[in-house]
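Two complexes, one shared chain (chain A), two partners (chain B, chain C).
Our next item is the complex of A and B:
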């Protein structure tokens, strides 16, 4: 064995600069846009004139001075939490229901996966058409719940798949041992199998929560932010602002969204990861 | 250390490469704009026109004629809705057509940065043939012409069901806003829904405020708002919003105002479920899709309204006008101007016939099949006043705030404040209201 820290790989089969194209792409398509997201937020970039001048914190001042940004942020968080809860409840329920590999279950799983593959805009427009004439998308209090349910309906197949995979990896001998120890099926399920699903929960909750923070398509297609802007999540607000030619303000908002997602992501993933440590 | 310097160099290179691509050097408008003969040969020249989903068939007859006469190739590209937003985004990223349909108002010309992106149409050869009352009604920004008006601009006014009026023995159309409200109350007493509004689709809500401001607009309201001497939060503007709300609360509107859509509005007026709708020309377009000219002529009428009388409020839209872009290719820029000159010159008669629309040129008669209501709309133009869209330097989302008021989440004062705040933000970004 060659020297080196334990676990480190010392096989030098390829020169390191082979990584340059990959890092180049990463830099241009991921790192630079993020940097610009920060840079443009401090300028007066707009559709009205050609020059771009730095303006310091003016955009932030303006956004925080009227309540629109905070309302949009609040709606975004409510929406994301609702989606995370619904999507995981539905996905988990379906996974438990369709766990056994019977023919019927296999077919049913396929059907529940179809919405995942559908275009989000198509889903939105279909539900908008279905609810036409009813008051489901017109109530200023409950519409956000309805839209979150639609979002969760579209993505529950994916959560189901991940929970299924989680359930399948639980070794049979563990549950068997529980049964021999006298645990009922109910107890075995809640005390043994559910805790062992922790990694699947981490992934599902994190992706549903953080994914729906960046939501746009389904809300835009079903309500466009209405009624009375009660479903105007941040991305719709950003889209409207950008459309008015206020590019810098829109960039500032998307920076706020980026920060919000980051601020929420770390504690959420940390807490969920903590649960996994007992495994 | 060296590596970090290199990384820094790459980054700053990237930064410069990504500066605003639409920032073409503002080539000094050299004053003199040349206009070629409309039918001069243009073999091998390829022009692109951007159009919206509701305007992409408008240029067909003109384009066919122009291609035959000049040998140029013209492609009409449909830009998806929301059109204005999509075009602004494309232009912001450096993508430009030769010509595009565009709302020829000050606020929208500002929004597309006309001064650096558009060709001035100074001295356009067709201007002398256009009805003198309509020639300078729109298309100008700071006294420079950037847009060619091709069809009669839309007017905010009242479309009414003649049969409903007749059966309620209303024989004369109202002579003022208050007169109209009086008729509305009579109609309500007779069990008729006087007005129909679309709270869910939102955008028509602003007409109610704007028609009430028509007289003030005549007296220079929008110039005062543009310069900060007046505000949306001033009592006279807030009063129009409050009046709108009180009329809704009084029950003069359809009971499903919160959930009603544009489509419902047209159906309601045609079926006589409501007597009046305050709307613009595109609403009549919807009626035309639902009924033939003969039944529209017998059923639907139009009158302009304002507090003091029958002053209409005009609001040119995207399908009414075209702009020519500065593409940097002198040959194509000249060809784009030539196409406009052809459109408004030798091609105009076949254009209005093909579109069955009102002619802007006294020498070219409007086709016989134009519905009566549209002729009435056109007739109201010479005395009409510009809308917020036409005269204000920025176009805030008044309609969204009003729809929120209808939904019950905003008061008239809050509507005015939100609108004023947004107006200031937009106007400042556009270099006004320093």
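Our next item is the complex of A and C:
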């Protein structure tokens, strides 16, 4: 028989050529540039001459010897962790505060979604203007924290929505059972409801970490990487060196970002998933 | 006690956390240049809002940037949705080792950052550097993974019996996809449309590398306007621009709020 029984999923009813257009574009515009990253990070590609020659690990040597590489990696990780912590604290707090479906709460939630919709660049300019004249964006130690707070401000509405959706999925009888068993409201909240939010925590922490490691707009619009390059996350470095025509250095950092995200993503998702299974 | 205080706490929080920054935008956009040099929360002595909006509209050439934004956002969303759901449908329905690997590759872009520098080199080799086509291709490559992820998850929740009925009637895969599957995907495609519009409409980073200096989009234009010496400390014009640029999204949001919220949260929690 050429075809399967009616209803069977096979080559004829769900042909693989349906994948061709999407995967063709993915190959050209996503996978190929990624492969190029692994090639051109080892060349002297620049805006100053036409030919491109292999140079081995020279770009890595240069970026490690002047400390730029580890500094940018450290700043990116610190920034990502700060954003993940702040965004989840704020989002969770808002979800708990605005959980009941009252008119005031519905309107309040809407307002907290406005920053999510706004351009991150615009958000950066707003806070740059708001903090003008203060040292908040000019301190070599604390500015990274301030910028992470701004990033969290922009995205906390999204975390709030996801925690709200998570709180809604918890059946009422679970909390009621806890009350009947004599648990106080406080205990019922922290011991019963919060642990059941694990899927929402997974999603929120993972997206906040990955989103901020790949961040650019907010940092660029508030500090541009300063003061004294203390907020220069990887994408700011890539943007700056690319603008200077140092394409190979920019590519090397782009490769480092790729590796950083790849290395961090899998353990983060694995650990958080494991936590869900235990509960 | 806490129940009665809660509405006041909510209102106070909105006023301080959201109200203050938004007021700064509106108040500064309404000030004269002299008043706006040191932006603060004081209201403008006389409102120049309309005048400032008109000035950025013509000086910064917003119509051209708006046109550029639309020229990129609309085809990107259409291509990503159609090709992404075609692929996701087949991947969700066929269960083999090959399709599992292809699915994993297809959604890897959700996590992995795109190679922004080398994509420029590739576009040059393809003759697409600085073109709308090149920009659309890059966005499609970045956001296909989001569509494949969302749509495949959705397809798995709908029974295949509807498709089978059409197959028995002799419909080929394209007809089944177009007439049976695509209409069923409407809710998830609405979600994906919103998310991708939001990302592409507001993007400045990828646009800078691919089309910076050649074609203007709204965020790219704002970025140049705000960084240019001409506009340094011209906060009234920067915030007039921010108002104009945010308006389409805020209006869309006001109209389709329920859909957007259910869209954003679906898929995040089981």
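We adopt the following convention: the second predicted complex is superposed on the first by the 266 of 279 C-alpha atoms of A that agree within 3 Å, B and C clash if a C-alpha of one lies under 4 Å from a C-alpha of the other, contacts with A are read in each partner's own complex, and residues count from 1 in each chain.
FYI, a contact is a pair of C-beta atoms (placed from the backbone, for glycine too) under 8 Å apart; a residue touches a chain by one contact, two chains touch by 3 or more.
This structure is a prediction, so every number in the text was calculated from the model and none was measured.
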On chain A, which partner touches more residues: chain B or chain C?
-> C
Looking at the overlay, what does A:228 touch: chain B (first), chain C (second), both, or neither?
-> first
When the two structures are overlaid on chain A, which partner does A:36 contact: first (chain B), second (chain C), both, or neither?
-> both
With the two structures laid over each other on chain A, which partner does A:28 touch: chain B (first), chain C (second), both, or neither?
-> both
Using the superposition on chain A described above, determine whether A:115 touches chain B (first), chain C (second), both, or neither.
-> second
Share the list of chain A residues that count as touching for chain B in one structure and for chain C in the other.
-> 28, 32, 36, 39, 45, 242, 247
Complex contacts: residues of chain A adjacent to chain B = 27-28, 32, 35-36, 39, 44-52, 62, 66, 135, 138, 140, 226-230, 240, 242-247, 249
Footprint of chain A on chain B - complex, ascending | 10-11, 14-15, 18-20, 22-24, 26, 82, 84-85, 88-89, 91-92, 110-113, 116, 200, 202, 258-259, 397, 400, 403-404, 407-410, 418, 421, 425-426, 429-431
Can you list the residues on chain C that touch chain A in the complex?
-> 6-7, 9-11, 13-14, 17-22, 24-25, 28, 38-39, 79, 83-84, 86-87, 89-91, 93-95, 102, 105-106, 109, 111-119, 121-122, 126, 137-138, 140-142, 144-145, 148, 160-161, 163-164, 167-168, 173, 176-177, 198, 201-202, 204-205, 208-209, 218-219, 222-223, 226, 235, 238-239, 242, 245-246, 249-250, 253, 257, 260-261, 264-265, 268-270
Chain A residues within the chain C interface of the complex | 6-7, 9, 12-16, 18-19, 21-23, 25-26, 28-34, 36-37, 39-40, 45, 94, 97-98, 100, 102, 104-105, 107-108, 110-122, 125-127, 129-130, 132-133, 153, 158, 161-162, 164-166, 169, 199-200, 203-204, 210, 213-214, 216-217, 220-221, 235, 238-239, 242, 247, 250-251, 254-255, 257-258, 261-262, 265
